[in-house]
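Next come two complexes built around subunit A: one with subunit B, the other with subunit C.
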Partner chain A sequence: MTRTQSRGQAHTLEAVAAGMLLLASVLFALQVTAVTPLTGSTSSQHIENQQASLAEGLLATQVENGSIVPTILYWNESAGTFHGTSRDGYRNAGPPTAFGNVLNETFGDRNTAYDVNIYYVRSSGARERISLVDLGNPSDHASTASRMVTLYDDDRVLAANESALDTLSNTSFFAPDAAPDSRVYNVIEVEVVVWRM
Partner chain B sequence: MLDYGIAVGIFFVALVFVLGTIPGMFAPFVGSSGDTQVADRLASSLSGDMLGSPSEPFILNATCTEEFFRQLDTNTTAPTSCRFDTTADSLRTMFALDGTTNVRVEITRSNGTTRTLDETTLVAGGSLPTQQTVSTARRVVSLDGETHTLEVYVW
Partner chain C sequence: MADVARFREGDRAQLFLVGALALAVIFVVLAVLLNTAIYTGNIATRDAGPGTGVVVEYEQAATGMADRSLRTVNIENNSNYTNLETTFNDTVSIWSDRANTHSSAALADAHVSVVETKRGTKIGQNGTRNFTDDNNSRQWTVANNTTARAFQMTVEQGSLGDDDLFADDPEFAVEFADGGEELTLYIYNSGTLTNDVTVVLYDDGTEVSECSVSAGADDRVSIDFSAATLAGEDCDALEELTSRLPPQYTVTFENGTYAEGNYSLIVDRPINKLETGADDAAGGPYAAWALYSAELSVTYQSSVIYYRTNVRLAPEELDA
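And then the complex of A and B:
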């Protein structure tokens, strides 16, 4: 009787130890693998590819439509910002232009966050950045696409109702005339950063 | 005897939990990831090559786009200047897919309605299944100077 009882205790201990061992090995396996079921939904390669292609297509179509340049020229000269924004660009949705509408339809309405950055050059060659749309800091899984557009000296800054005002060379635009001796005013790189919220 | 029963119970609970968790750990690597690849490739080749030209990706040629959908719908033959297989009469032969893969291609306006070009509705392939996993790939494309969405469904 005493013998079976002490053996029962050993079996009891063994069962608990085996259970702990099993759980510990699963925990270890979860910690050493970078990709788990939980990361699968947010860092999926398919989603990243998808968003990068969407952003590329969006920029390509908007360059084709000619809607990007009017958005860049949608500049409030006296305030030194884009129309209706603070210094950091549009913070809730895209700009109230054709380009902004497409951005909202493609990304904003589908719960995808995006930033639009604009890079321009100074005549010294330095490259600077201004934020057009700033919906927050991109996550680690963000995708980007960018496209160059050229501004010319005779392009006109737009008023809030999109009517043309003065030419770029006669206004205080955010980008300087990078090539004062030529018709080209500046070359702007438009970058769209997309990530899943 | 009672503590022995409890311990064995704990052991079995742990065992069941582990057996239940392990398939989930491999879930991202198995299953229908092939379909997402197919959908992505089809959307890329349609938007970047077949319906437009590789030099100007995402800008679709209106004539070839209309002929593409008309050819699949009514078996007409598209002009050979278009960059897709002008003899294929179904999406499966067009993309050389195996017999178990179903595809649907659609070009929609931003409000979600299917675009119609010269009386051809820009949609090809069967209707979507209701009880199966469908992989989708989307591209923003320019057609006729307007912004559209190209959607590819694979199941």
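And then the complex of A and C:
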């Protein structure tokens, strides 16, 4: 009689322990698969930081080697758009210039979408935007980087084959001469927005 | 006997389960601790720092603009110093205003202004002519007690003297002297066989180094004292020259009849205080109003950064 009761207690304990063991294992499994900084995801902070650095580095090198200004000047005066595109800017890839190639090679090949916005100033001090590349609406986890470049009165608008045409002061360019009394034509901010597709 | 054995089996099962339970608890505690560390790491890397990169970018954009303005202001509007200074100051202040529109959008206040500009003189010869002064003197002072920037020269190989230094047929030379030390750069045609133009540097009469290059199809060779290049290639003699230059020196052309071409340089002495063989006469070398250098004050202020610095600009300065 005593022996049967003792075994019953042991079995109850066994069941409780097994239940807790199961629960603990589930908890354990959940805990060890938490989101770590290295977890691949479209919303990882590390990826955002990395993309921001990538965009900043790209802009820094392109300002240094002078490929951004020719892309801004790649303007079709008669159509009032950049060469070979609509009013919304390039919608499938970067512009067909050196800067556009670098954008495509840096972001296009890495499944990263990007927009390039150009901000310019009116002589009244208003800041306006024109889209150079528009690959869609950025996600909530997009990173941005921007750089300022200066256009001068004697900079020349480029033809579709990148040969120089008239100077900025003699063309109908998207940005007005924000400083008519000086050799500076306008100060442009180029903004690159990148996000994971 | 069999009963005793059964009792012991039940007892052992209990101990085994209690042990397993304890192990499971330990594992969970370990996992929680591990994740706390990982999560802390994740949070710590979330802040990308105070963002001082934007300040560096702003300073670069501002100095880039001022550098270009300083180079071009001497080409246009060089009728007197006041005009030059007004043009340069206006350009910098308008740029500062327009650029501040962009900075304001990033919730920062950024300004650049001119602290001071240094008046200088641009000396040069545009058309092809020998390197004598306005009175055709072959040895003449280009600029006295000064420093120079943007010093470029293009010479025609056929006009240069040959390579027996100090002989009857002398070589054209540019001399930089400060009273004590004398740096002389001879430029000559090193022979009909090699078809080279050679540049050799002497420091107080001792040869330091030389370099040669063959003239282009147009028989001309460009010498860039600021970049230390001969026809676009690095030149040891010119590099040695810029590294040995005293703080102030007098630039003299010797044997100016043994070189033809053009040249230009900007010196840091105002035109009315400069001793030079160049005057504004047509055809010969000229001297014109120019700005030598500028000092800018760059300020950048946001909620997390306050940065202020003074930057001195003297594009293509020789001993820089």
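The rule we apply is simple: the second predicted complex is superposed on the first by the 157 of 197 C-alpha atoms of A that agree within 3 Å, B and C clash if a C-alpha of one lies under 4 Å from a C-alpha of the other, contacts with A are read in each partner's own complex, and residues count from 1 in each chain.
We adopt the following convention: a residue touches a chain if its C-beta (ideal position, glycine included) is under 8 Å from a C-beta of that chain, and two chains touch if they have at least 3 such contacts.
Source: prediction; values computed, not measured.
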Practice problem: Name the contact category of A:Gly57: first (subunit B only), second (subunit C only), both, or neither. | Solution: first
Practice problem: Examine A:Thr85 and indicate which partner it touches, taking first as subunit B and second as subunit C; both and neither are also allowed. | Solution: neither
Quiz item: So, does A:His46 touch the first partner subunit B, the second partner subunit C, both, or neither?
Solution: both
Self-check item: Partner chain(s) touched by A:Asn65 [first = subunit B, second = subunit C, both, neither]
Solution: first
Quiz item: Is A:Thr112 in contact with subunit B, with subunit C, with both, or with neither (first, second, both, neither)?
Solution: neither
Exercise. Mind working out whether A:Leu13 is in touch with subunit B, subunit C, both or neither, as first, second, both or neither?
Key: both
Practice problem: Could you say whether A:Thr97 touches subunit B, subunit C, both of them, or neither, answering first, second, both or neither? | Solution: neither
Exercise. Determine where on subunit A the residues touched by subunit B overlap those touched by subunit C, and list them.
Key: 13, 18, 20, 25, 35-37, 46, 49, 56, 60
Quiz item: Within the complex, which stretch of subunit C touches subunit A?
Solution: 3, 6-7, 10-11, 13-14, 17-18, 20-21, 24-25, 27-28, 31-32, 34-35, 38-39, 41-42, 45-46, 48, 53, 57-58, 60-61, 64-65, 68-69, 72, 76, 87, 90-91, 94-95, 97-99, 101-102, 105-106
Self-check item: Residues of subunit A that touch subunit C when the two form their complex
Solution: 3, 6-7, 10, 13-14, 17-18, 20-21, 24-25, 27-28, 31-32, 34-37, 45-46, 49, 52, 56, 60, 63, 119, 121, 125-127, 146-150, 152, 178-179, 181-184, 186-187, 189
Exercise. Would you mind writing out the residues of subunit B in touch with subunit A in their complex?
Key: 1, 3-4, 6-8, 10-11, 13-15, 17-18, 21-22, 24-25, 27-29, 33, 36-37, 40, 43-44, 47, 56-59, 110, 137-142, 145-147, 149
Practice problem: Please give the residue numbers of subunit A that touch subunit B in the complex, ascending. | Solution: 8-9, 11-13, 15-16, 18-20, 22-23, 25-26, 29-30, 33, 35-37, 39-40, 44, 46, 49-50, 53-54, 56-58, 60-62, 64-65, 102, 105-106
